[in-house]
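Each remark here refers to the structure printed beneath this line.
Chain IDs A, B, C and D follow the sequence of writing; residue 1 opens each chain.
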Amino acid sequence: MKRSKLIRTAALAAALALAVTGCTGTESASGPGTDGRIGFLDYGDFGGGSNPQANYNPYLDATRLGATEYVFEQLIAYDSYGCQAKPWLATQWTWTDPQTLVWKLRDGVRWNDGKPFTADDVTFTYEMLKQHKALDTKGIWRYLSAVETTDPQTVTMRFTQPGASALTLFGEIKIVPKHVWSTVADPVTFTNAEKPVGTGPFTVKAFNPQQLTLGRNASYWQADKVKVDELRFHKADGGGQIDQLKLSRGEYDSNAMFVPDIKKAYVDRDPENNKYWYPSGGSISVYLNLTRAPFNDTAFRKALVPAFNRQEIVDKAQLGYVKPASQTGLVVPGQAQWLPKDLPNQGVADYDPARADAELTAAGYPKNGAGKRIGKDGKPIAFSFRVPGAWTDWVQAQRIIVANLNALGFTVRAETPTPEAYENDRAIGNYDAVLGVHGGSCNMFRNFQEPLGSDQSAPIGKKAVSNFVRWNDPRTDELITTLRTATDEATQKAAVAGLTTVMTEQVPVIPLWYGAKWFQYRTAKATGWPNEQNPYAAPSDNLLIITSLQPAGTTTK
Amino acid sequence: MTLLQVENLSVTYTPRDLPANRAVHDVTFDIDEGEFVGLLGESGCGKSTLGNAVLRLLSPPARISGGRVVFDGVDVTTASEDELRALRWTDLSTVFQSSMNSLNPVIRVQAQFADTFAAHRIPGDVTARATELLELVSLDRHVLRAYPHELSGGMKQRVALALALALRPKLVVLDEPTTGLDVVVQRSILTRLAELRRELGFAVLFISHDLGTVLEMADRVMVMYGGEIVENRTAAGMLHEPRHPYTRGLLGSYADPRLPDVQVTYIPGRPPDLSRPHRGCLFTPRCPHAEDACREVHPELLPERGGLVRCLVAQEDRLPVVRLGAADAAATIGSHFPATGALTDPGGTPDVVAEAVLSVDQVSKRYTTRRGLRTSTTDAVRDVSFTLHPGRVTALVGQSGSGKSTIARLVTGVERPSSGEVRFEGGSGPTVRVDRLRGRALVDYRRHVQMVFQDPFSALNPTRTVAYALSRPLVNFAGLRGTAIRERSAQLLESVGLAPAGQFLDKLPHQLSGGQRQRVVTARALAPDPQVLIADEPISMLDVSIRAEILELLGELVRNRRLAMLYITHDLLSARLLADEVLVLNQGVLVERGPTRDVIGAARDDYTRLLLDSIPNPFAPAKRSGDASVVRSAQPGG
Amino acid sequence: MSTPAPAVPAPGADTEGLQVAATEQARHSRLPGWFVILWRNGKCRIGLLMLGAFVLVALLAPLIAPYDPRGDDFPTSLAPTGGHWLGTTAQGEDVFSQLIVGARTSLIVGLAAGLLSTLIGLVIGLTAGYLQGWVDEVLSFLINLGLVVPALPLMVTLAAYAPVRGLWLIIAVISVTGWAYGARIKRSQIITLRTRDYITAARFAGDGTARIIAREIVPNMTSLIVVGFMGAALGAIGGEAGLAFLGLGDPQTVSWGTMLNQASLGGALLTGQWAWLIAPGLALSLLITSFTLINFGIDALSNPHLRED
Amino acid sequence: MAYFARRFLFFIGTLWAAVTLNFLIPRLQPGDPAEAIVSRLAGQSESIDPAQLQAIRIMLGTPDGNLFEQYLQYLGAVVQGDFGVSYTYFPYSVTHMIGQALPWTVILVGVTQIISFIVGTLLGTWAAYRRNSRVDSVITLGSTFLGTLPFFWLALLLIYVFAITLRWFPERGGYGGGSSPGWSWIFISDAFQHSVLPAVALLITGPIGWIIGMRNNMVQSLGEDHARLAVARGLPRRRIALTYGARIAILPNVTGFAIALGSVLGGTVLVETVFNYPGMGRLLLESVSSRDYPLMQAIFLFTTVGVLVANFLADLLYGFLDPRVRKAETA
């Protein structure tokens, strides 16, 4: 014992000496930025797994590093909270006909290696996605038929069908320089690791698997709007408590992670500067297997809408970070302008078990003497409700949902398979009731087509693309088609209204709450972050945010 | 001059969970320089504990609880480690019983010699000295390069002996130095030991259970019983006029099998439980001469007729007189111990030989062993033929490795012969070809052929009661069910002399003495009412004093039940006492066969004579001094 | 991957002797012989008392636990208070109740996985050792394979693959990865035992192989089996905790491992909820200690050289 | 030589079994790695983009041929050391990723294992030498208790005390964010600082198995006749303890130590996870949780091969160290 203690003490002492003399050299102290700019900001994780490798290929969604968000830019930038498209590399876009879109590109934009940005780069980028389907992660070539350079400032895109609904996708596709990428043998396995060339506000300054440092691109086309000299991304480990600790100590200027009890663990530590904003994402809904009885009965489903205690789920399972979801399938209040005007409470159903009970009984599902709800076959209704066991907040929600259902006389088994088994069973239709996520994007077509379009479904036993409930309704399909092709807002709104009616009246799925987009920020160094009062962008709209930040000193403190 | 003085030495075992046990009690004796003292006793009498106490090698839970050991003026019991170390080996060395384990397995023999020299700062060339020492015990110098596991048991024991003599000690404690070795090897080592002692003049404390060996080797013999020395006198005195009834009993179990009439005796009963307090003489329960006083007064070890004896009856000179001459001792000693059981050889009772129940016909067994790519073959048994008859005992005699046990396995169907036939003709049906049996038929065959095993401690499952052991053959072969099983088991126990059976049925094996166990094993063998009984060395693991008892039982069973018995042994005396016919097996070949008295009384084959010579014979010590060279040349290297 | 020191007797230990002592003891006492023997050993007694306490807590968990371990009606992330002795989790569950109910899980896992892997080890070890020949060759290969394949990575891999990650899956995974050591020990022991004369005698008494193994051999290996079981149970309890801590356990089960996992994820370090973090680890450690102490005792009894004097 | 031939056959056989097992396990499973990747990217509260799923499926490619052909291909690739491309680190190869993680693990775990073995053996020897003394009980009871402490929990406590509360050491990782990996003094001292807590966690529990094993083995061999005879021979106590006790007692531990060294290649999943140490263990856990089959298979195979090779070498070594073994195996 003595010996091992000795060794440990020695090791400890040695390490201590190092620590005390400070010869660590890990942090190169960066003074305040020049020209009144912010010296640097500490950001959270930058992707790429636990041991990230240099990868700045913006199309490798799964493995690229977060730097691509700041190095590369797209034709337009979406405010994905308010769903407004903003001109970016393109200054103007016009539908010359429903199947032709003409882009006018911004003048004076240069790649960070000094070469000018031209229409050829755009055409090359889209052509490359056409050739390498593995890179077309947005599926743009489902819509496009051709992309042409009309002149150095103009690109014309042709669509196979009226393509208005694809516009949001252009806000997500990064443009890469032709002069670099055309020499790459296989862009799918290209890591772009050495000095990635892009048009964006930052360039890669330094990288090791623990930290990614981006430096301001002085020749950026709107360099005057970028008030930060350096962005430092720190490797996080899945939001573990060390990260929470660092966050609470104010070591991050911005992060996007789940924090239990954020008020106590973060805000209260520095109420002046520590802030958070969790805007709503997609709807998390009960998916009932519509190929099975009694879920195939519209009246049955409709009766269940008030059966769930959404507020309890939000408060307990989601720590109050989110909001109950509207039955319309839209995200309120962000997308409230799409809602039919007369909808009470924006379509968010109240918890009303008495009504659910009455409606179920009326629909032919009475309770028997033992208080069990009876199906049309005369037997008590029993079914399973599954969520992935590892997703603890869903499991907590499941407990409330199952309790709500059992209170109505159903016999519901709570099952918790692994995520993989869960997803597989859900895709092939091997379930009674599960949870699913849908909607929440700025693309109304996708919001409804993915969960409800019959083309996204598949026979039981085959994997459905995204219509896991197997909703198959000609009227819905018709509305979805309209939505895809409509170029004018009125038609789009009418179609969305029609679809929200389908949701409320036919209840293909039952939304319960909105997923949250985690976003914490500090105002000690920088202000101008988007928040509830100033929701100019969603937390993921990095380019919009970085061009809006101001040094903190300029305002308060 | 006195070299070792042991005064009132007591050793107590105090195990954690069990009552304390005084293994050695108030022992006093001396050993003079150059004297060869035998310490004789049966298992559990405390003789090895005493040996270890003298060497101060006791390890917990044993400890010296009284008295002292003075060696050459130094009190060993209180000496410091350093004083002791100076004494050890230079003056006082030892050879343990288990030659298997007494050498460090991971270093070469030479290193163990080197260790010893280094520890005592003996300068000089280790190899030369060690070679010299090995030559003393008739070992080749290449042994030095060997690891212990590469040596045979006999060679290891020789190495241990050489090691013991390395520093020319004044006293060597030999603790059962040859037990477990083959008889012939045993004989050659002992012979060499006697020569060495004559040459080098060291004193010896020779601990053994083997009376014959001790009497033959020792100048003086101490007999130990129940942790006490009960008799201490010269070997000659002991031989001619044993004064303690126990000594007499032990002596009674020896005889020269070559004599025309052989009779041996045994001591019934079992040794005392030393964890319980005793009054009176410990031997009383087994003593034929016990008087009332013996039960009350604990006798002292007092001088009597030129020796020391711990017996009230002897001290008061009321023992029956025995005067033994060397010539007739073996023939008559048993009669001087009339109250104990006795066994006389079956003699020449001319049986009308019945039909053979089992015939072994020109059987050979060859083993093929594979070592890597090479295969080697051993002929364990070659061309052996014999027959077994009801009511007759056929002894199969040979030293270890001669193929005796292989024959037992062939006869019982455990193995199949490479060639030849084993036929069982005793059944009600047609002749059974044992060498072709398998499965169910083999099980059926064993109804008729049963075994008595060598080691009664291993032949009974330690976790099963006697009743269970007996019930199995009754259920399987006799088809008995329910209470009938217990009744029949009781009958069986009584038929092997365990009466009343009720006392034994629910006992576990460890609650029985060795002899009782062997009786249970025999009862189990009798349970299916077999026609053939194979007894594989049934007495070799038993204490000398009760061997004759088991032999007597077996003999009675054979004759009363008309069993055919194959008695396998290395011990010619027991063969002489039990068997009608003797087969001598040497390296798988039958070298001599015939009626017992002819074969043993007038052996023709050299090998038979070698076996006969290897039997320790206290009654004829003078006769054998010249035979040593013969023995050595027959078994070089042991 | 530290595994607790295997307290398994060296092959060739005196398992028969110990069994005899136990059988003997059983005849004199109303208590099982084994228990009496173990009770006499100081270390064992402490271990048995500790284990008994755990078993009691596990059995009475619903009575002792003040709240539903999953009930999340309390304020979140409370430090220890009078109402919540060990505070509450980030989800507002009572930590003390979880700790009590967690004892159940650990014991069930220990018991079930211990039994299962002992059984696998017993069947394979016995079959290999008793039959010998090519069966032995094949099974020995399997055993050696089981011994060299790294256990925790295999556990992690298997656990990750399973479709439903229930407690029983964890038990199965632990058993499947943990039987080999016991099998090897049992094999070598049966090789020693099968040469005993009483086995031959049983065959001469007409008993069949199955009966011989079950009635003659297995009873003489009891101490080995018990020690093997304890070792396996100990490994299983640690294994479950490790897997659960890595997030590969059954999140539905309240166990000390999942508690540690939750404490780690739920910011126990951050909010200074030392009780939430310390309690499950300490409980785990004490439970393992109790097993280890019992094992040491048995080992000391069956291995004459280690006997304390 | 038969002994060695036998060992070698076992080595080859086990290797084959491990490779085959490795090939089969992922293929027996349902589930699509592309789905796993996409749903991990989206997070559980976001809807999955079918287009992205499709693209990633194309990116990962699908194996061709029937199961047997795939098996042959797999064997061929493995023989050439080609484990394919990692899913989680696409387009980096599995070999590259292992190359990144291996040095960290080998240095941290290897060094601590060696220290543990040495310390454990010495302490065990000491305890046996001073059997039943106070030293013995302190060592045995102390290590018994320490051995029961859950390892990852201990690690958490270390972090809590030394990193979070006292801030003496960094909380996690193998090195800091500011230095770049390389053979610079700055980086090495940084890496050393990061390795202190994980090493301490490993060293607290590491020697225990060796202590107990060594002590019990040695007590046993000191109880044997040859050691008693050595006492009778007047050999010095120290000499007896070393040659007649430790020399024999250490033999069984040699194999264990070799296997422990071999399993170093697999890293220590728990400690590396707790400390986020960039070694093999964490890589394994990550590959498992993200269905990165190629990476997972390779690490698992790597670990198994490490243990196998170590085991094989240990057997060879043992054959030389213990003269009894060769004989026993051939007889």
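FYI, contacts are C-beta pairs under 8 Å (C-beta built on N, C-alpha and C of every residue); 3 or more make two chains touch, one makes a residue touch a chain.
All of these numbers come straight from a predicted model, not from anything done at the bench.
Enquirer: Can you check which chain pair, A-D or A-C, has more C-beta pairs in contact?
Expert: A-D
Enquirer: Per-chain Cα mean versus the mean over all protein Cα atoms: which chain has them closest together?
Expert: C
Enquirer: Hey, how far is the Cα centre of subunit A from the one of subunit D, in Å?
Expert: Subunit A and subunit D have C-alpha centres separated by 39 Å.
Enquirer: Report the inter-chain centroid distance for subunit A and subunit C in whole angstrom, where each centroid is the mean of the CA atoms.
Expert: Roughly 45 Å, centre to centre.
Enquirer: Between subunit B and subunit C, what distance separates the C-alpha centroids? Give it in angstrom.
Expert: Each chain's C-alpha centroid was found; their separation is 46 Å.
Enquirer: So, what's the distance in Å between the C-alpha centres of subunit B and subunit A?
Expert: Distance between chain centres: 89 Å.
Enquirer: Give me the residue numbers in subunit D that touch at least two other chains, ranges are fine.
Expert: 29-30, 143, 159, 164, 223
Enquirer: Which residue numbers or ranges of subunit B touch two or more of the other chains?
Expert: none
Enquirer: Could you pull out the residues of subunit C that touch at least 2 other chains?
Expert: Answer for subunit C, listing residues that touch two or more other chains: 160, 163, 247, 264, 269, 308-309.
Enquirer: In the complex of these two chains, what residues of subunit A are touching subunit C?
Expert: Residue positions touching the partner: 239-242, 244-245, 248, 259-261, 264-265, 316, 319, 389-390, 392, 395-396, 399, 415-418, 420-421.
Enquirer: Spell out the residues on subunit D that touch subunit C in their complex, using ranges where they run on.
Expert: Those in contact with subunit C are residues 10, 13-14, 17-18, 25-26, 28-30, 132, 143-145, 147-154, 156-157, 159-160, 164, 202, 205-206, 208-209, 211-213, 216-217, 219-220, 223, 259, 263, 266, 268-270, 273, 284-285, 288-289, 296, 299-300, 303-304, 307-308, 311.
Enquirer: Could you pull out which subunit D residues touch subunit B in their complex?
Expert: 1-2, 5, 223-237, 239, 243-244, 247-248, 251, 321-324, 327, 330-331
Enquirer: For subunit C, which residues are in contact with subunit B within the complex?
Expert: Against subunit B, the touching part of subunit C is residues 16-17, 19-20, 23-24, 37, 40, 196-198, 200-207, 215-216, 219-220, 307-309.
Enquirer: Tell me, which parts of subunit B touch subunit C in their complex?
Expert: 15-17, 60-61, 412, 414, 443, 446-447, 450-451, 453-455, 458-464, 469, 472-473, 475-477, 508, 510-511, 521, 524-525, 527-528
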